[in-house]
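In this document, chain identifiers A, B and C correspond to the written order of the chains, with residue numbering beginning at 1 in each.
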Amino acid sequence: MTSVMDQTSSPAPVPSNELLEDLVGVSGRRRTKNAVMTGLMFASVAIIAIVLGFVLVTVISKGWGIVHTKFPHWFTDDIPPTARRVGPGMKAAIVGTIVTTLTATVIAVPLGIAGAVYLNEYGKRNVFARLLRFLTGVMAGVPSIVMGLFIYVFWVLPRHQEGLTGLAGAFALACLMLPIVVRATEEMLKLVPQNLRDASYALGATRSRTTLTVVIPKASAGIISGCLLAVARASGETAPLIFTVSVGASAVHKTNWNVFSGPNTALSLQIYANAKETLASAQDRGWGAALTLIALAFLFTLVARVMSARLSKKTQ
Amino acid sequence: MTLTINDLKSKKQYADKSFSVIVLLGGTTILVILAVIAYTITNRSTDAFRIAGFKFFTGQKFVPNGTPPALGILKYIFGTALTSLIAIVLAVPISLGLALYTTQVAPQWLKKPLVALTDLVAVVPSVVFGLWGIIYLAPKITTLYKHISDLCDGVPVLGSIFGKVGSGRSFMTAGLILAVMITPIITSIAREVIETCPQTDRDGALALGATRWEMITGAVMPHSIGGIVGAIMLGLGRAMGETIAVALVIGSSAAITSNLFSSGDSLPAVIALQWGEANATAKSALIAMGLTLFVMTLVVNFAATAIVTRSTKRMQGAA
Amino acid sequence: MTETLAIQTPHVGHASEPSAASGSAPQHSVVFDVRDLVVHYGAFTAVREVDLKIHPNEITAFIGPSGCGKSTVLRCFNRMNDTIKGARVEGTVNYRGVDLYGANVSATQVRKHVGMVFQKPNPVPKSIYENVAYGPRLAGLRNKGELDAIVEASLRGAALWDDVKDRLKSSALGLSGGQQQRLCIGRALAVQPDVILMDEPCSALDPIATARIEDLMQELKAKNTIIIVTHSMQQAARVSDRTAFFTTEVNEANDRRTGVLVEYDRTDRMFANPSDARTEAYVTGRFG
């Protein structure tokens, strides 16, 4: 501090009273408004937390009983054929949800990734790519029940009763997943720096080779995370399955591992069917199915989150 | 050794070409599926439209197995519009509160848990909300409805909006459940939009002596309003299309009434509920309802896109 | 010694802030009196032990290499550091006799007296008129006629009125960068501040727009006190009456950099005859 100004020579200035008063506070009305609004913002956090807490606590407390009594029968027994019968058995629906969702994933993920690769690596800003991007938005907005109707009309109807299979349900779910996968993948591909591609081209790699060996691996964690979120969403869907996997939501009780033939069921369908019942025995199975479905969806989401967290750590 | 033109020609040209065709086909599936959806659904709807004509949209009676069949879906359109409206009215302030609290108020350590909270709500399948709504919420909330109804009894307007209470399965309950379901959608988009508001813009307002709330209304909102309206429209589209949760809690007795506590029905709910016992004419009519719903959500989503695009342009100064 | 050389300013008759200064003018030969100022961001000390006085109706420039804490110190004068999470301020910043960080002093009120213009022009995506009227509206002014008058006066003050008087209702984002920055100055003037802080106001602008802002600063000096952070020594030399030179000191132990005030003096003396070797190195371009 070589030539900092002399501190002691000048007397401390005395503030005018007006200034002092003016600096002390914002007008009460404005301060109150700020406080009230902050309070309301916090209230919305509280409301949503309380509602979620209520739903989760109800599902867990009502569903836990049937899932864990006579364990592991909930997971190994078929669904009781009549609503009146008390007790567990949800294997048919658990299997149904897993096979239809898995099949839907097998259909939607490769198509979606291919579509996203086209949009980000090939089409870019050309007219067709822009049209497809727009249509992806449109498709994401199609109500899930319309997807169900579409698969019914397009696939089930021409095949009559034989059309009602896990595969038909998987088609409907795949239609829902497709735009989600495309969007998530394109976002991830966008994040891959251009110089990585240039480096690969400079080594004489073709565009396809660059995409497959450089771009997609670089974005893989994000792509998988996006796909898992789509799977989580699809596994909980009910409306697309109502018309496609069986006649009526409660028609199937027996486990059917075969997606290609025979009607099937799903956890969501069982929840829907049992929610309409007034019998406690049926409602219990509904809560149990809800708990199982939520656990499944949370699991997918958790894995997706962990993957994207790893990804963001890696790129930092 | 001399370089010939053949050395510069790619030997992998065939593989490269076919890969580009594969990804192009992947992209084209979306176009194809949407086209097929539009075609098949429209095709199957023609029976219903031929029988009912324009009355399909204006008729209030829906008796598909009558002679002659009556195919009027106005009551269902009303139910869809009303429940979505309730959902939006309830969800918008809560979503904005959540998004603003997370981005502007919450301390750093709380942000991630708050985002996770919103995402958790989004993960809960709609049928679970439906189950909770029909078995748990609907019977319990009637008491609250009755209180509100008694309070508003005799008051003009309010008296007719908060009228006689039935079973608890009503427009209002459906709207409540929908509000919870669309809150994470609106919140997450709104949060992303708000976070793009640059610190310098917020500093600008604060430097003029704005309180935090004044900074939010003066700098954050003008910046984000287009995106937020878009988020709300997307939430609206989702609320209109939601089927199962609404089917379970709306009460399934079609009505056009100002009473929010009355039972009603909505387009997707009636499709799901009547499908099982539908004859050929009824199926055609239900598919035509699906088409109507499809068009309604399309309009809403187009409007959302248009609003967002316009506001982005405006933000870039092309006013 | 610098005290004696201080320009005898005609003094503080702040037309802009009658409540602030009237009656006690002679005591306020100093606008800001900073003592032992230390700013921490979390565990990191951004700048330490700053002592300086800002004189009324002068332009004071803060110069120094990046990371030297000049912007950090600037943001203490209107308590903008409050908006940064983890920021902590020690020492005193006296504004016309009031400790800005004292109990009961409201940061929002301080900012009405001490306006700020930022590096990047930051008008809100609303009309030109709305941007300028924003501050007065916050203060509760609703009268259309008065608002119109303030908007015109502020835009004239910011040398922007003639450019925009026919399109007050069009979007502020349609203006050029230089115009936007002048709009931001106008927006700051609309709340009739005593002091205007400028944080590298010209770094995003071309030379012509920069020259206009610099001319404007000279005009504003009549009524306001200006503190400008600039990365351009030429700009400091052109516009300022006094200059404070900051630099960074590296802590060998943890390789952390902390800003310190090296020298504070009248600009002509600082550039012609710096008393510290580090200042000399910087102003002659051998460092930084």
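Please note the rule applied: a contact is a pair of C-beta atoms (placed from the backbone, for glycine too) under 8 Å apart; a residue touches a chain by one contact, two chains touch by 3 or more.
These figures come from a predicted structure and were not determined experimentally.
Taken as a graph of touching chains, this assembly is fully connected, with contact between every pair of chains. When C-beta pairs in contact are tallied for every pair of chains, the largest tally goes to A-B.
Taking the CA centroid of chain A as reference, the farthest chain centroid is that of C. The distance from the centre of chain B to the centre of chain C, each centre being the mean of the chain's C-alpha atoms, comes to 48 Å. Averaged C-alpha coordinates put the centre of chain A at 15 Å from the centre of chain B.
Among the residues of chain C, those touching two or more other chains are numbered 108-110, 112, 138.
The residues of chain B that reach two or more other chains are 209, 211, 214, listed in rising order. Multi-chain contact residues of chain A (touching two or more other chains): 26, 30. Across the complex, chain C meets chain B through its residues 78, 80, 83, 85, 108-112, 115-116, 118-120, 122-126, 134-135, 138-139, 170-171, 173-175, 184, 187-188, 191. Taken in their complex, chain C has these residues touching chain A: 1-3, 19-24, 27-30, 33, 35, 49, 51-53, 94-98, 100, 104-106, 108-110, 112-113, 138, 140, 260-265, 275-276. On chain A, the positions that touch chain B within their shared complex are 26, 30-31, 33-34, 37-38, 40-45, 47-49, 51-52, 54-56, 58-59, 110-119, 121-123, 129, 131-132, 134-139, 141-147, 149-150, 153-154, 175, 178-179, 182, 206-209, 211-212, 232, 235-239, 242-243, 247-248, 268, 271-272, 274-276, 283, 286-287, 290, 293-294, 297-298, 301, 305. The part of chain B that touches chain C in the complex is made up of residues 107-108, 198, 200-211, 214, 218-219, 222-223, 314-319. Of all residues in chain B, only 10, 12, 15-16, 19-20, 22-31, 33-34, 36-37, 40-41, 43-44, 93-98, 100-102, 104-105, 114, 116-121, 123-132, 134-136, 180, 183, 209, 211-214, 216, 234, 237, 240-244, 248, 268, 271-272, 275-276, 286-287, 290-291, 293-294, 297-298, 300-301, 305 touch chain A in the complex they form.
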